[in-house]
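Please find the structures below.
The two complexes that follow have subunit A in common; it is paired with subunit B in the first and with subunit C in the second.
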Partner chain A sequence: MKAISLELYKLRHKHLFLMVTLFLTVEIAWAFMATSMSISHNPDNAGWEPLIAMLSSMNGLFLPILTAICVSRICDMEHKGNTWKLLLTVSIRRSTLYAAKYISTSIIMLVACLLQVLAITAFGIVNGFEQPVPLLLLIRFFIGTVLTNMIIIALQQWVSMAVKNQAFALSLGMVGGFIGMAADLLPLGVQRIFVWSYYTGLSPITQSYTNEKMQFIVRDLNSLLPMMVVLIAAGIGIYLAGCVHVSRQEV
Partner chain B sequence: MNQIISTHNLSKRYGDTYRVKSVNLTVNEGDIYGFLGPNGAGKSTTLKMILGLARPTDGKVTVFGKDLGANRRLILNQTGSLIESPSYYGHLTGLENMRVIQRLRDVPDKNVTEALKIVRLEKQKDKKVGQYSLGMKQRLGIAMALLSFPKLLVLDEPTNGLDPAGIGEIRELIKSLPQRYEMTVLISSHLLSEIEQMATSVGIINDGIMMFQGSMEVLKNKNRPTIMVKTQNNKLAQELLFQKGFSPTQHGDFLVFESLTDGQVAQANRNLVSANIDVLRIEEHKKNLESIFLDITGKERNLL
Partner chain C sequence: MLRRCISAEWVKLRHSHIWMILVILPVISVLIGSANFYMNQGVLKKEWYSLWSQVGLFYGEFFFPILIAILCAYMWRLEHLNKNWNMIMTAPVSATSIFLAKLIVIGVMLIFVQIFFFILYFLGGKLAGITSDLPGELTGWLLRGWIAALTISALQLALSMRIRSFAAPIGIGLCAVFFGLGMYVTHLGMFFPHSLLTIGMGVLTQTSLSSGESILFIIMNLVYIVVISTVAIHRMRKSDVVA
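Presenting the complex of A and B:
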């Protein structure tokens, strides 16, 4: 706990929360504008499903980049100020520091996901959607997004900690954003290899074209569970590999 | 006297080359141990191994009588350090940087105030460290090392980047630490003049090998003057002076005498003159510490 609160303390004057909020505002505003236009063309789309599907696919583009920036800012301060030696000589363990950074970033991204859920709810209510707020769908959307984020954080943190030059980590984030956006266009087998594709992959809503019309289908939760288990296992693997690799590096 | 640090055959190899080879370093309680060596001699690597930042290829480190490998956390809790360039969070203020270490060290507020006061940064404590000069960053680094007022302070080239007044201040501060706070200090430098003025013990390392270790007094004793005498016939003069109880050695055109009193010099001169050997020159040569250091570390290097 002390290490986590210290990480959050070290983020002072970095305006990270402001940056995350602004970034999310752009994403949400874009998603809502697109949904509003879609509703004005086709009033049948005035429902929760298209809205959640829209945000899931936008997340594929925005969240990998946002995650890369957050992780990079949290890790880079140790490289920039040459503080690894300082921290290690006050007897903090590298694995503790690694975990504290991971949890801190996860908390920030969790808040970001929560903001998205609140924004979706507010948008639906303001636009007078007929159906009641779909709590279960929103929770599933939230869990899917948070889970994908956590795996991406593990990957980004490994790169950000191991390679001093943050251009690598940020480039990875941008590549991830591109893959996340284009994931639905790839064959399913290829999609599953890329962790960034899971924003839409774990979304409770899927889209399909039938008779040249877009259909929004609610996915069966049971069909997503095995995928989640595999993803969690991959996340743990990436985290541990990163932690061990970084701990073995000499300062 | 208690040994605070002792290393046994400490070695570090990178690839095929030894950066540090079989170093046996001993720091006693209350010492200000000056660890001297030219740039790249292996000082920082040795200090990093003593602090557990680098794993030795071979050898053992004992601090406070305990093995470093098994008691790293316990040892580091009682050790303050500044290794190479100062470490800091540039986006935080000086005080916030101190608070980070305060939280990790779990020490009271008064330590922060006192450490900042000691390094005279209390007026700049609310300024972001990114805007500090190198000297101020260095002083902040020293304040962080002092924060828990540890038993052992390890400082790697702490006066780098400081102006002459700053160097003087830090020197006086370091000299006062053993008495004021009962600290033992291990300080490295490539500047002999700096170490000469504050250290009680010295270790000289070159190319990863410890060339000299002992008290400052022993090192200074190597500073004895030699008398050099040039005569018209050095060979004859040497034979004569041997008979008279002197033990000169031939060195170029001169006969060299170690540690002669003024009376002995006059006596030797009298002996030579009365034997009809003309004395052309009598010179006193005094080695300064600088040349002793250069001798030990291999002369050719440009150290300063």
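Presenting the complex of A and C:
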């Protein structure tokens, strides 16, 4: 607990929250502009489903990169200030340090996801959608996004900690964002391998083209649960592998 | 003086493995672009032009600007480390040489990236079974792409110099990519570095620029490079460094 609050304390002058908010604003503005345009073309699209689907496919592009940037900043400050040796002379275990960094990044990204959900709700209400706010869908969207985020954070943290040169971690984030964006075009078997494709993979809404028309289908929760379990297991695996590897590295 | 600064920059890049990133990002964009082209050959019938529209979209719109951002952030990383700002500011070289040396080194690396990208594009086209001749506009696309890339480099170098964090300028660069896309869509593309890249590389429309547009393109790029560099160098001269 103390380690986490210290991590957040170290971030106080880094304007990290400001950057996350700005980055999200760009994403949300873009998503809402696109949705407004599609509503003006076709008033049938004025519903919660297209909005959520739009945002989850945008997340595939933006959030991996945003995560890479956040994780890189939190890990790089130790590389940059040469503070690893200092930190390790304090009687704290390396795994605790790793966990503290992981949790504080997760908290930041959690706030980001929460902001998204609030923005969706606000947009829907302002545009006068006829249906009531679909709490359940929003909660599922939120959980899916947070879960995918947490696994990507584990992966990014491993790379950012193990390789001092942050260019690699950020390139990985870029590639991830790219895969996330193109995920829906890949065959299903390939999609499942890449963690970045789960922003759309775990989204409660799926799109399909039938008869040249876009349709939005609400996914069954039961079909997503096994995927979530596998994903959580993979995330724990990545986290532990990273933690063990980094803890044994020489400083 | 400038020459010695440039060779110093090369020395700093040794053992950085930065070449891996310069190689990997174009490879990925060409792979995805070519795969998309190969699978949709029914719709994309204009052979090399269609392949360019696919490959160029991924590369020019997305990977190339970020590649530049990463490269520029890396160029200043060493200065931000270990109190090296004090060292470099006390070295007997002018601030102009330091900044220009970095810009020139990046320019040279970007030439290689463009050539490498061309080779990949060519190979991708041949593998996808295109038999016609290469389009005549190709040299123009690559060259103008490089010029616009220099403009983005100047911008990113200035940002990375000012901002100590490695990742933040790259995030700003990414936001600029989307802003540039918006500027391009609203036909204001000539007035923003990132949309100059879109125009220069013929990413979204493959029609070549008229001679008037070409001149405006080059002038805008020159103006941006000169203004941004001057501001950055002025800042380096006047404001105190925080090591």
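What we mean here is this: the second predicted complex is superposed on the first by the 251 of 251 C-alpha atoms of A that agree within 3 Å, B and C clash if a C-alpha of one lies under 4 Å from a C-alpha of the other, contacts with A are read in each partner's own complex, and residues count from 1 in each chain.
By definition in this document, a residue touches a chain if its C-beta (ideal position, glycine included) is under 8 Å from a C-beta of that chain, and two chains touch if they have at least 3 such contacts.
This is a predicted model, so every value here is computed, not measured.
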- Query: First (subunit B), second (subunit C), both or neither: which does A:Arg140 touch?
  - Reply: neither
- Query: Just subunit B (first), just subunit C (second), both, or neither: which does A:Leu170 touch?
  - Reply: second
- Item | Touched partner set for A:Glu250, first subunit B, second subunit C, both or neither | first
- Could you tell me if A:Lys85 is touching subunit B, subunit C, both of them or neither one (first, second, both, neither)? first
- Which holds for A:Arg12: it touches subunit B only (first), subunit C only (second), both, or neither? first
- Item | First, second, both or neither for A:Lys101, with subunit B first and subunit C second | neither
- Message: Identify the residues of subunit A that lie in both the subunit B contact region and the subunit C contact region.
- Response: 14, 80, 82
- Message: Can you tell me which positions in subunit A touch subunit B when the two form their complex?
- Response: 2, 5-6, 9-10, 12-14, 77, 80-92, 250-251
- Message: Give the list of subunit B residues in touch with subunit A in this complex.
- Response: 48, 51-55, 72-73, 76-77, 79, 81, 83-92, 96, 99-101, 103-105, 128-129, 144
- The answer for subunit A against subunit C in the complex is residues 14, 19, 22-23, 26, 30, 65-66, 68-69, 72-73, 76, 80, 82, 165-168, 170-171, 174-175, 178, 182, 185
- Interface residues, subunit C side, partner subunit A - complex: 16-18, 20-21, 24-25, 28, 32, 36, 58, 62-63, 66, 70, 73-74, 77, 80-82, 164-168, 170-171, 174-175, 178-179
